[in-house]
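Right after this note come the structures.
In what comes next, subunit A is part of two complexes: it sits with subunit B in the first one and with subunit C in the second one.
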Partner chain A sequence: MAAFCVAASELLHNMKQISGFYPKASCVIRRIRTTNPRCDSQIQPRAKSTPQQLVGVVGLEIHAQINSSTKLFSGSSVRFSAPPNSLVSFFDASLPGTLPVLNRRCVEAAVMTGLALNCNINRKSLFDRKHYFYADLPAGYQITQQRQPVAVDGTLTYSLLEGKKRSQVIRKNVHIKQIQLEQDSGKSLHDDVHSQTLIDLNRAGVGLMELVMEPDMSCGEEAAAAVRELQLILQALGTCQGNMSEGQLRVDANVSVHRPGEPLGVRTEVKNINSVRYLARAIDYEIQRQIGILQRGGTVQNETRAYDSKSGFMPEPNLPPLIVYEDNASLPAGIDACQAVVVQKIKEGLPELPSIKRDRLVQTYGILPEHSFTLVNEDGLVEYFEAVLMATKKEPRKVIGWVTNELLGHLKQQDLSVSQSPISPPALAELLELQETGHISSSVAKQVFQKMWRSPGKTAAQITQEHDLGLVSDTAQLHSICQKVVDSHPDEVHAIRNGNKKVLNKLMGLVQKETKGRADPVLVRKILQEKTS
Partner chain B sequence: MSALSLAALRTSCGVPPKIIRSTSRLLSNDGHTITNVEKTFHRRSCCVQTYILSVTRLYSSQPHNPKVPKMPTWEPVPEDQLPQPAQIPADLVDKLERLALVDFRTKQGLECLEKAIRFADQLHVVDTSGIEPMDSVLEDRALYLRDDAVKEGDCAEELLQLSEKTAEEYFVAPPGNIPLPKREERAAMLKHSEF
Partner chain C sequence: MLGLFFLGVSLALREGRISPTELCKKCLNRIKKTQHLNAYITVTEESALKQAQQSEVRLLKGVPKGPLDGIPFAVKDNFCTKNIKTTCASKMLKDYTPPYNATVVQKLLDQGAVLMGKANLDEFAMGAGCTDGAFGPVKNPWSYAAPYREQTGAMLESDWAITGGSSGGSAAAVASLTSYLALGSDTGGSTRNPGALCGVVALKPTYGLLSRHGLIPLVNSMDVPGIMARSVNDAAIVLGILQGLDVRDSTTVPAPSPLTELPQDFDVKNICVGIPKEYHAPGLSEETLAQWSRVADLFERAGAQVKQVSLPHTQYSIVCYHVLCHAEVASNMARFDGLEYGHRSQIDSSTEVMYASTRHEGFNDVVRGRILSGNYFLLKQNYQHYFVKAQKVRRLIADDFRNVFGSGVDVLLTPTTLSDAACYQDFTQEDNRTRSAQEDVFTQPANMAGLPAVSVPTALSRRGLPIGLQLIGPALHDKKLLSVAQWIEQRVGFPSISDWDYSRESRNDTAVTKREQTSAV
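Let's look at the complex of A and B:
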């Protein structure tokens, strides 16, 4: 009974926050995230007496633009920005008499992606036409692979950092239903001045890989982590540049809520998302919105577009089935090498995937999995880390903290990328060397880092010199300071002599204050211990 | 009599009467043909609206290809072997009109649709159990894969000339998808319109 009250009041609390929610108030969103019960919370021990809470169910449909020089079915160029309608062939404009000619690179990209995601590659796949009317689809249909796509039944494994210090790495899986090749549509721009729609067909016909995922996720954070991992995989493979803001990776989320064990609720779609962070927020907002509606006794409305109804499909009559071969042995006699896509060859040519890279970093450098996760997650950070290691004798385990905390922290604060860092790897290495060789203490090192950040170009040595932050290791000077402290605090000395060793720390603190933190702590402790014994 | 019927049929097919007289003269020379045509007519009379004339092609410079049979070698499937005639509910007509953007709600349009479905129903007589559907006669050919090299494009001017309305270098889209109103609303709309 008590548990029920707690759960109910928590929901009410959430709702009160939501009722004042406006999409632009980002601070409110953060509050929702922290008060949300953890989305992977297991069954509470008191579940028997409490009605189960509504949980979110999230499925993703991802369209990844294939990184190729030409389009899927025509020889026109693929580029992000170009004069309108300059990258359009007769086929892309769907002039009568033109026929599709499949691009081998796109097939290889789809097979590579399928292999990286543990899919079964269909030896034979078919092309279909999906008919619908829209101004940016000149042919009136899109060539896709609904019935028998090139790859099916895969898994995307992603990791979440959880726990108070985000130090626990939790692995999760999403089931991938299929990966299919399809055409992109053109772009429509709305000219409000003249109340008309302008069409640019540069993007029409570009190859896309549609990845259909099962609704295995339950909140925005999971979806964002899954998309991030997919981005890293696609970028490592080179099959897609994965830039969400340029539309190279488009994610649509299908969100519904239900009580565990009950049938799934009504789905709504969350679209037009151009960053991974916004994806998490938008999904969480939608989940909260739906929970709110259901709690108030309403029903969730689903506005599907007219062409979503499952009709308008027919086989593509102009394309025979696409055959990919298992290995060189199964190739038919006399076939031209450039006419054959061989799965074995592609498998052997796969580059190092992010998960393998993370494990390798842990093995090679002895760093913790969560550090490895952070390194791989940030563009260019692995290279930075390795460059620092090359220039210093310090152990990787001691360097990693500087890279993932100090450096990354400062970068994030100012929204900079690793390549924009004011402190270069050699400069950081120099700072660490200074600390390692005892010229500065660790607390001073952090101060020097900050100063280096604000005045790029100045080396650690220069700054240490200028601000006189070097460690005082002149034993005579230290002795005299320690003696002074000991002499002026007879009670503390007495306490130490009687066995209370902790008071020594207070004396050390006093010495550090005298030396403005520049005393070598190890040396100070030794001297004080001598003097108080 | 046969010549006259021939004339009537021919007219309805749009051939001017002058040619028919010459046809009948030709036909009378070849008694065999007339008889066959008569027979065809009798057979056909019990079937509706099949204007098949298997006579020699007029004004053709090539002789009749022996591989093409002079008479049809098939018969329409008898009614009792066909499944029930399809009932087309009004909602389905609505949906089809919406998908195809074709107006066929008239009595003639619906009749045409029903006949088309009936014609296709003849396929049900064929036993297809255990056979994979064929979706292309190209299925035994190899799909040609092309190299990823830029060979086309850069013809914006040429393409824009094809469009009625352009704005700078963009195509201007025709007025957007105005969804057809629902059946009930339509009746109200038509009442007030001039159609």
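Let's look at the complex of A and C:
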């Protein structure tokens, strides 16, 4: 059932070898870059392009595990990597006579997600059974929302960073057809040696939100950017932890190609992808494959599971319609406001969404849009950045580089999260203050940063003092060093005197080398200018 | 003592005229003597005696849990009972022991009632004769009592009558005096039908009033736990205990009122009794029709308004019932795949082969047939044509009832079954499907509409077998329905089986029963 479709499986198989079956949680891809740096799935170079160019069309079906302490219809706990079959209630195992009891928290999560994605929230939604035989689906059917889902007709706005330095922000929209609540299945583990299948029902019955995104995307990078934005939104809402490698966010893509203006082509599915980066690659691979087939005069085959098309749906008779209320005033008498799902209350509790946060960062601090993406993409980095700003007078635009380059670079290198940073925001602020007030040069500041990284707890001032890294401002001492440099580089001095003022920088560099970067650059420049005039 | 209503026994228990242990032993004894009826699949002798002892301690201390404390009861074997086998009369669950109690079972146990055993049924409650279970058919106690034997000249062991179904074991348990009350389940008439054929009061409450948690489903949207008792008042007291919201069943509703005993002097002057003309159906026996008229006349003479009404969509009900029933059966039975519990076939060359052989071996032809047709109705290309259409008609049937009750009718009076119980030999001449269509014809509309309905025994037929009439009321008017039922009960003078020697080896015991009853009433 979970078989991969068409040739994407080939690619995915290779990917698995690269990534291992379950890559570590820390391997979540944080920046989206595809093999095609530009969203350009056309196989022909642009010069030859005509209106007959084949382009990719991508729709997504996303299963987001609801971040809830208990399952959708039972009281069992939800936990990743618990011992097999340790989180299974009688209902989860489909013992005869057990009935589903809807978890309000899951409904609220779906409503909140719907609101964040500009959906219409259906005041009344229904549950259905979808039947199929599979060992890890103990009831023989999945309870889902086929006819009337909880939220419909929304939009996700995501951005692509384009241009040489990825500084050009292009906003795009994808239409969200619906969000439906449904049960997760268990897991089957196949033991080929003993030809056995082992079933783990810990995941069976965990709440999922299935989000259906219309085929509004045209390539892997767009799909990946949309998924990444969704991931950030879900994480900001707290409705899904969004970790793809743990299966909290699972993406299936429908891929087809066509010539713009013509009907869509035959679609194939790219399934079971556990990172955003591989999603982009797999989609682009599939688009190229389909274009290749069509250009060779072939036809694309759809290998949808045969029983899927026939599988029976039926209303779930054990659950009454799910009713959500607009506000407390619309609650009928006798219904406890604490027990009901009230849209207004959820709306009021919506946190700042990533796109709003990025706009705010750009406007408030005057940083570049691409920096706002970097900040928001990394869990806790915005808070870190703002905490540094609180403790320094340095301009935000000068602080941002420290956070997005020095700090983030070091974190990535060691696979750490922001909260694990050995340098706290006040410590970094102190370092930046030393530089800002002229106590150390910028190059020394970077040295101090590295020493702080390696010996957490030591302040920038302590390190500067211990290693004698303070700015050398003693005029006599600097005069003597400058004199030595001038004396040993007559050619350069000659060039400067002949009007090539740029060569002065080389002499300045030599002086800094002599002082290990500690010389006050303003003073040095003045002295060197005097000596070469 | 065994022939009493449980309220009478309850009084005897409190007054110390009999102890719960003695009572329990008497019933266990009776179960052994009536083993040929095949009413029980499992007799829980050991735990019953233990519960009776605990009840005895409470009664001696003068702190009984309620009117049911120490009262023996039986449970249809499709309600889950913790640590007690629950088979659904199927090979599939032959050795299945649930880890929990159904809510209705738990509520009775919480009241101190003593569980005697698990009652026989048609496999997964699919049937109307109690002739299609993996553990054999159930025999109607009345077909061993003197009137039947004398009237029909039945001599042979094979001349026995069926109990009706699917809760035939529960009905036989109450009728044969081995339990004072029993739980049945009622999806299309499975409680009322055997109730009528075995001469016991059989209540199908309003859908949602009783929890289905722990009832192994037949059709979730129609299943209701049913109550079988020796008197309407007994049934009312049990309903009062079982009714109400259950967090484990989202389809339950709060009880409209606490229900204890019924008023003994209910006045029918101000009620309007509807006689639906569509229930005067082909195949209705002359004797049943006579009972129907007799009771209608009783009402009229007592000053009630009796009028003919029409439920025009009744004729389509049984067909739609079967479409919806089979579709839900196909869905509900999907879980029996041999993986988590139940029978698992030895043939396991692949998962699919294992599923197929497990289900082939585990289910009887009736169950497999319903699964097959149900899956056909649920196919994408058929869904609109069968399932959706049947649902629409179901709505029309519910509307019929709503219109009638909206026009001032308080209660509908109908036959429960076409005739008295058939002889097993005759009944099995037709297949399960045909029999279900015939037998459920008067009972399943109430399930389609979710309405309360009760069958009250009114008389013995010329063959010496019980005939019952059905009352159907508006949703959540169960108490009023029972009050009317009791009014009938008080007037028809239906005999107690203990008036005759019904059990081949219990002549002495019956005599005792008769005497005790006389002294206690």
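Convention: the second predicted complex is superposed on the first by the 344 of 533 C-alpha atoms of A that agree within 3 Å, B and C clash if a C-alpha of one lies under 4 Å from a C-alpha of the other, contacts with A are read in each partner's own complex, and residues count from 1 in each chain.
Everything below uses one rule, namely that a contact is a pair of C-beta atoms (placed from the backbone, for glycine too) under 8 Å apart; a residue touches a chain by one contact, two chains touch by 3 or more.
Keep in mind that this is a model prediction, so the values were computed, not measured.
When the two complexes are overlaid on subunit A, subunit B and subunit C occupy overlapping space and clash. Within the superposed three-chain model, A:239 lies out of touch with both subunit B and subunit C [touch as defined at top]. When both complexes are overlaid on chain A, the residue A:197 reaches subunit B and subunit C alike. Of the two partner chains, neither subunit B nor subunit C is touched by A:290. Judged by the touch definition given at the top, the superposed model places A:185 against neither subunit B nor subunit C.
Contact with subunit C, but none with subunit B, is seen for A:99 once the two complexes are overlaid on the shared chain. Of the two partner chains, subunit C is the only one that A:129 touches; subunit B does not reach it.
In the overlay built on the shared chain, the residue A:90 is in contact with subunit B and with subunit C. Touched residues of subunit A were counted for both subunit B and subunit C, and B has more of them.
Touch criterion met: A:312 reaches subunit B and subunit C at once. In the overlay built on the shared chain, the residue A:141 is in contact with subunit C alone; subunit B does not reach it.
Annotation: subunit B segment clashing with subunit C after superposition, chosen from 41-49, 59-67, 77-85 or 149-157, is 59-67.
Subunit A uses residues 90, 93, 95, 101-102, 131, 133, 135, 197, 199, 311-312, 317-320 to touch subunit B in one structure and subunit C in the other.
Across the interface of their complex, subunit C is touched by residues 90, 93-102, 129, 131, 133, 135, 138-141, 197, 199, 309-314, 317-320 of subunit A.
Against subunit A, the residues of subunit C that register as touching in their complex are 79-80, 86, 88, 93, 96, 98-100, 102, 212-217, 219-221, 247-251, 327-328, 330-331, 333-337, 339-341, 351-352, 355, 375, 378-380, 383, 387. Those residues of subunit A that touch subunit B in the shared complex are 68-70, 74-77, 83-91, 93, 95, 101-107, 126, 131, 133-136, 188-189, 191, 194, 196-201, 306, 311-312, 315-323, 335, 338-339, 341. Per the touch definition, subunit B reaches subunit A in the complex via residues 98-99, 101, 135-136, 138-156, 159-160, 162, 167-174, 176-177, 179.
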